[in-house]
Amino acid sequence: MLSSLIRFLPVTTVYAHCDLPCGVYDPAQARIEAASIYAVTKKALANDDDTYRNRATLIKEERAELVKHHLWVLCTDFFKPEHLEKHPDLHDLFWKATKAAGETKHTTDLEHAQALLDAIDEIGKIFAAAKPGYDYDAVIKNTQLMIG
Amino acid sequence: MLSSLIRFLPVTTVYAHCDLPCGVYDPAQARIEAASIYAVTKKALANDDDTYRNRATLIKEERAELVKHHLWVLCTDFFKPEHLEKHPDLHDLFWKATKAAGETKHTTDLEHAQALLDAIDEIGKIFAAAKPGYDYDAVIKNTQLMIG
Amino acid sequence: MLSSLIRFLPVTTVYAHCDLPCGVYDPAQARIEAASIYAVTKKALANDDDTYRNRATLIKEERAELVKHHLWVLCTDFFKPEHLEKHPDLHDLFWKATKAAGETKHTTDLEHAQALLDAIDEIGKIFAAAKPGYDYDAVIKNTQLMIG
Amino acid sequence: MLSSLIRFLPVTTVYAHCDLPCGVYDPAQARIEAASIYAVTKKALANDDDTYRNRATLIKEERAELVKHHLWVLCTDFFKPEHLEKHPDLHDLFWKATKAAGETKHTTDLEHAQALLDAIDEIGKIFAAAKPGYDYDAVIKNTQLMIG
Amino acid sequence: MLSSLIRFLPVTTVYAHCDLPCGVYDPAQARIEAASIYAVTKKALANDDDTYRNRATLIKEERAELVKHHLWVLCTDFFKPEHLEKHPDLHDLFWKATKAAGETKHTTDLEHAQALLDAIDEIGKIFAAAKPGYDYDAVIKNTQLMIG
Amino acid sequence: MLSSLIRFLPVTTVYAHCDLPCGVYDPAQARIEAASIYAVTKKALANDDDTYRNRATLIKEERAELVKHHLWVLCTDFFKPEHLEKHPDLHDLFWKATKAAGETKHTTDLEHAQALLDAIDEIGKIFAAAKPGYDYDAVIKNTQLMIG
């Protein structure tokens, strides 16, 4: 999951995923888990069985942690100083998105689930811009298909 | 991660991911980890530092487990009897693919890493056929981009 | 947890557990967790304290995941083409059993817990047949003793 | 995984596994992982491929942690003051066994792997004595069968 | 997480944490998680929202497991025969403390959360005595500050 | 592990740890794991046994992940907009520190391990300033004691 001491030295090497680095990153990982949170929330709102709602709470808890983990890896390992120069609000976007993930745990509320998806999409678009050829629209399309 | 006793009863309901079910599945999860295995293997072949190669071994171990987990979830939770009717070799494909994931742990060998990607792609295409509108080609394109 | 590309090559080598392979497999692992699900379900049915029932839900969630994991490992790593030839319904039994594990998450229902134990026992008997000297009846006896 | 404040109060209730308590415990869980350590060690001694030996090291690391976890759960959750009265060296046996698990990580040495199995067996026999009807000999027989 | 076969041999070497051994241990790890249990319990008692209380249950479950894990590591890996000679009730203190951790899962009850903190503090003081210069009072002060 | 959508709304509520929020945070968690990395590195440099060095590599891998996790939780859940106003370089410090954690995986090099400790200490001091009464110097003293 990690990377190099870029901030300490004037390196130009590109470091990446899993800290070897393997160079494989994909914001789809965060979006898939966030779509799961959205879908679970939607279903729990339409079901008042106790076991069902308890399970929704624990699944959201788990999935929100996964969203945060995938975002933190992108932030720490994929993005480098040159990206931060182009997008000075990058750290703030990650902060907002990981806090939004936490927020989905507190309620059974579609608005929070949607806010999380939106926050991830802001990051996804910057990722795509930094990785020419990467199709983030397809990621949105594929995951929205599951939410229905 | 799971689902219903479909084989016991003549159900027609669609069950899905994480067992609530949330209905969110995506073969991209398996392909991203397999791409990581491919990339790690490629880099380890070009680097004879001991720490580097040891880390490659342990990252492949961990990533191969994730590939298997994501495939098992697809197999158990997404696919249903009607898919098996259309694709009688479905179980065999999953067996082959999860065994291929195990195989990437044994060596530092691009051929095995590629065989795993190919086995996942066979499943990905069946998934796309079962989920009209899902774009598996974009998944291949996005993940191949990282492998370079 | 895993093994070799048996389906790709006409190998005769026996591969096994944890992918080294270490050769150690035991269906007792799945049955112990399933017995835990049965016992938790039984106790939750007799207790209407909220915390107790919530905890039962989350313990079943966790134990069912462990059951599935242990079964998947047996399926992918222990069983080989020659077993499949003798037991052509082997993949189907695993599919049924892992789906049965998922089903125990949805309700607090002894029937589902029992169905899971039964599904595991079908596999356990095939395992014992493939491993002369292995005493699966003792596994059933030992775990049933805990359920009381 | 756990239980009640038995030492604080003169309780007579029986508490058990996973802390609900579900009442399901089985020393087979520790012995299966220890058998895996023995088997991995034996195979690594006969193989000088680097990847193979590195993987043996990490598998032993992981399996030894599982052994310790299963033993700790037995110690904290299954055993109660009345057992300690009958077996005043019980805590010492667990200490010895978990330290023996740690020892298997340090070397590739069959003697340490065997010492771990022996330490677990001492506990297994006390468990069987505390649980009339439990067949620990069958557990030994089944797991030894895998080691070959 | 571990250590050496001290009980088998008349060794005098000091073994330690993570089994390498790295020698780094700190009872603060257990106290931080126990403080979290106390704080969660306090907040849940003052909040009757269903999602909130369900989350409290699952967070206590998870944190209590972490407390037990950190205590078990201290017990197995840090403490050695010479400590047991000086503190013959050491094993009993650990048994009591890990059982107290389990007890916090069963209820939403500040008394149990406090009993866990007290049990950890008994161990923390013995740890400090065994490690001249270690300031356990600062650990108490820092973690109590969070509980408010 | 997480918190509220602070950036979306002009809230003044304080949110905290584990997302309930429980309010319990402690930079000691990150420093303990980083001290472990330092100690493991130091010992591995003085030992050329293969198993020992392989284990050092995998322990550093695991501990560095824990460091990053603990830092990310502090960053996302403890710190709030008012802290960022006072310390505009806060995000950058976290970025530097998590990248430093990744760097310790790449080599067996005390300089990197020390750089990680230093980066955590910068954050620890800001944490202490934000939490009057918190004694970060004691954390440094306690953990340095283990490194020797």
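So that you can tell them apart, the chains are marked A, B, C, D, E and F in the order they are listed, and the count of residues begins at 1 in each.
In this section, a residue touches a chain if its C-beta (ideal position, glycine included) is under 8 Å from a C-beta of that chain, and two chains touch if they have at least 3 such contacts.
Please read all numbers here as calculations on a predicted model, not as lab measurements.
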Both-way neighbours, i.e. chains that touch chain F and touch chain D
B, E
Figure out the least number of contact steps between chain A and chain E, where 1 means they touch directly.
1
Interface residue identity across copies chain A, chain F - same or different by half
same
List the centre-to-centre spacing of chain B and chain F in whole Å, with centres computed as mean CA coordinates.
33
Could you grab the centroid distance between chain B and chain C? Build each centroid from C-alpha atoms only and quote it in angstrom.
22
Per the C-alpha means, the centres of chain A and chain D lie apart by a whole-Å value of 39
Residues of chain F whose C-beta touches two or more other chains:
19, 52, 54-55, 58, 61, 105-106
Return all touching chain pairs.
A-B, A-C, A-E, A-F, B-C, B-D, B-F, C-D, C-E, D-E, D-F, E-F
Interfacial residue positions of chain B with respect to chain A in the complex
17-20, 22-26, 28-29, 32, 35-36, 39-40, 43-44, 52, 55-56, 59, 63, 131, 133-135, 138-139, 141-143, 145-148
Where on chain F is chain D touching in the complex?
50-52, 54-55, 58
Using the touch rule from the top, collect the residues of chain B that touch chain D in their complex.
53-54, 57-58, 61, 105-108
Provide the residue numbers of chain D that touch chain E in the complex, in ascending order.
1-8, 15, 19, 61, 64-65, 68-69, 72, 75-77, 91-92, 95-96, 98-103, 105-106, 112, 115
